[in-house]
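Before I ask anything, let me first share the structure, which is written out below as structure tokens.
Every chain is named by a letter (A, B and C) in the order it is written, and numbering of its residues begins at 1.
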Amino acid sequence: MASPLLEIRDLRVHFETRRGVARAVNEVDLTLYSGERFGLVGESGSGKTTLILALLRMIKKPGFIAGGKALMEGTDLLALDPEQVRQTRLARVAMIPQGAMNSLNPVLRIGEQLALTMREHGQPPGEGRLAELLQAVGLKPEVARRYPHELSGGMKQRVCIAQAISLKPRLILADEPTSALDVVVQRQIMQTLRSLQEGLDATVLLVGHDMGLMAQFAQRLGIMYGGKLVEVGTVEQIFRSPQHPYTQLLIASIPSFEKKGEFKGIPGVGLSLLNPPGGCLFHPRCPKALPRCASQEPQLREVAPQQLASCLLHEEAQA
Amino acid sequence: MHWGYALKRFALFLLVIWAAASVNFFVPRLGTGRDPIREKLGQLAASGGLRQEGVEEMVKAYQAKFGLDKPLYVQYFNYLGDLLRLDLGYSLANYPARVGQMIGNAMPWTLGLLLVSTLVSFSFGTLAGALVAWPRSPRFLQGLVVPLMTLSAIPYYLLGLILLYVLGLELKLFPLSGGYAPGTLPGWNLDFALEVLHHSMLPALSIVLAAVGFWGLGMRGMMVSTVGEDYISLAEANGLRDRTIFLRYAVRNAFLPQFTALGLSLANVVAGQVLVEVVFAYPGVGTLLFQSIQSSDYTAINGVVFVIILSIGLVTMLMDFLYPLLDPRISHRR
Amino acid sequence: MERLRSFLYYLRENPKLGIGLGMIAVLILFGVVGRLLVDPGLAQPLSTTPRQAPSWEHLFGTDDAGRDLLTVMVVGMPLTIRIGFLAGGVGLGLGILLGFVSGYLGGKIDTVIRGTVDTLLTVPSLVVLISIASTVREEISIELMALVVASLSWMWPTRTIRAQVLTLRERAYVQMAKLNGMNSFEIIWKELFPNLLPYLAASFVGAVSWAILATIGLEALGLGPQNEPTMGMTIYWAITFSALIRGMWWWWSIPIAFLVLLFVGLFLVAAGLDELANPKQRRAV
């Protein structure tokens, strides 16, 4: 049984706007284990990207971290001072960005950028380290002398991955790293990421909304809706026996070759974070909503071994 | 850099020079068909006086090339030929001085002032503008924006007049005119150098104060768009130090369009300086131009304008060649 | 009425625009109201006692030739503004034409126009203007001055407008219009033009600024209309007659003060319009 690497407790990220406070991340509890591949799934605006930005302490005004802890190997990431935060970034918690098209400095060579980043953390690359890094992500060492505009989108993303692993971090946060790439390249990059992760025994938190990708890459999944974590479980559990109505609709909406039928979507309109419904956030769109759901907020509880869901249906069953 | 591009660019440079020279030649002769130089020579000849001999020589030389008996295109080709050899002719007002010589005397003053004031205002302005736009720079810098903006709106020469009055006349801190005190003998010694410095302070200050705002605002604009780019946020997520991100990611990239702006504004900078020189009677090309206008010294006027256009064209071309060194995305390779 | 109110509301958010417009309005008002109150004849030489410091009789004093400076300002300010607007307008007109054509049609036309503009920009227009003006000296009138200045003021507007047209051209609504069968002219007029208005306004203000700058520059060198009491000519006379040294501070400082007001006002309006066109910049400093 692997040990916990990151324990997020009651994380709350709010955005103050003229029209009120938006709870982008709302009382989220999550535990990530060492060496695992965890996928965080949700629609746009569900809070998944905000969550990883919070871990990196990159939330900018008008957003702010309203509370909670993120304990990693003894330190609370949310309580570090700015210099400590800077040192933690990349060295302990690394990020792979969403769009690599413009994520690299246009005026520096690839090798220079990698080396500079490492030097800023007091770990200048030794002889041959850069070549080693580039080869690890499937690039030729000559790429170090190129400029970003000379590389393709896939190559640039690989460079970003190389940068992310350069200091052997314990936790890698990947924010939809392949959404801008074509399917073939997507698969190759995810395979590279997987083998790298296994080699480093690092934990990867993959954020996205592509369920197919998640199925192939992740070991466990977390589903987010409206800033709240509504279900957590292994990939098999989520796909075979989803316990939360939202998850069930998500799984049902994936087109499949075996079952023929109508293409199902999720009914209703997306929720407004500024004007959230009372009680369970999902109840206006939920096909199994009970009258109670409009006033009582469900808690995240274990509904099967290692599977958690936040739904009043289960509380009733257990009662 | 490919030779093809270099040749094309050089050809463009020659084209501009040729066009400017042609405008200089034809515009005065348009419509009325008069040739102001010939008229002036006629006046000089008629007025007689001590320099009669020299004038006759000059008139004869002029007639040979631009006489009324020659068809226009012959005159034109003679004119172009002269320019190619950088022969700018005799000064009408200061015969026997040659225009080339007069310009040669005035050029170092202008260049000195131009280089120093442009360098200072560009560097300070760019840095100030970059700092003002950076979210994590100290608060008091934001207060610079309004004064910078106001100063940049005022034309150089107006500012010069104001400074002349306040610092020169009222506070008597600086001399009112000239490049050095009358009666001093120029020489390569410290005393003279200090004199020159003292006399250049006001002109330089006028230019710097007015231009700093301009460069600052420009850089601020570039920085604001640069700061929103993905590579800046990734740099931050990767734990780079604030200063590193500011200098090597933000400024380094925002500087590119700023450099281009410098090249494009060069013409305006020179024009502004010309007027400042006039205000301070600074012995540069600007004052020379002014005096030539006053004394209807058409050869000198044409000569000065030509040299100015030539120099700016040259510098812009050089900057064009330098640009790929700054921006690896542009390589002028076909 | 509604529009006026929302406009005034907006001015509160965009102080630069408001203050700038205010300054210009004051200057124009000064000219208009002043015209009703003073006798323009006093702006001519030999109309009153020369070399008077400001007093109740002559609020701005008089100059060496006996002109009453208050009158000179009342008459001259509108003249200067007029030249600026005329030259700026012509420059902008050309800029709009060339910018739209170049940006929207692209191809060879674009290359030619862009090449010409960029090349001309490297020529110090002021210097060329000096050269031209110095040879046409005797016959120069206000309108001719404006024309001369306008002839070299269209380059920057062309450049900026072309850049904007290029970005807008690719936007979805232009593609939609094309699909709906609009021809080029219709698209330019109905779709691009309204969206470009803030940029056009900003370009206009910029062109006017530059035109006034160039005009005053030329006049200060003595190359302007000799008999009109424009601001630049007044400064020229002041410098030529050594007003600075002779302590006649009112002769040169008052025109300069007015000019500074004018330039700062124009600048603020341009900056305000810029902000209007680029809301992203609003949140920055």
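In this section, a residue touches a chain if its C-beta (ideal position, glycine included) is under 8 Å from a C-beta of that chain, and two chains touch if they have at least 3 such contacts.
If you're wondering where the values come from, they're calculated on a predicted model, not measured in any experiment.
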Per Cα centroids, the chain farthest from chain C: A
More contacts between chains, A-B or B-C: B-C
Where chain A and chain B are represented by their mean Cα positions, the distance between them in whole Å: 56
Chain B-chain C separation of Cα centroids, rounded to whole Å: 23
Touching residues (chain side chain B, partner chain A) in the complex: 229-231, 233-241, 244, 248-249, 252-253, 256, 326-329
In the complex, chain C residues that touch chain B: 115, 118-119, 121-128, 130-132, 134-136, 213, 216-217, 220-223, 235, 239, 244-245, 249, 252-253, 256, 259-260, 263-264, 266-268, 271, 280-281, 284-285
In the complex with chain B, residue positions of chain A that touch it: 56, 58, 85-91, 94-95, 97, 99, 101-108, 116-117, 120-121, 147, 149, 160, 163
Contact footprint of chain C on chain B as seen in their complex: 12, 15-16, 20, 23-24, 27-28, 36, 132-133, 142, 145, 149-150, 152-155, 157-158, 161-162, 164-165, 169, 176, 220-221, 224, 227-228, 263-264, 266-268, 270-272, 274-275, 278-279, 289-290, 293-294, 296, 298, 301-302, 305, 308-309, 312-313, 316
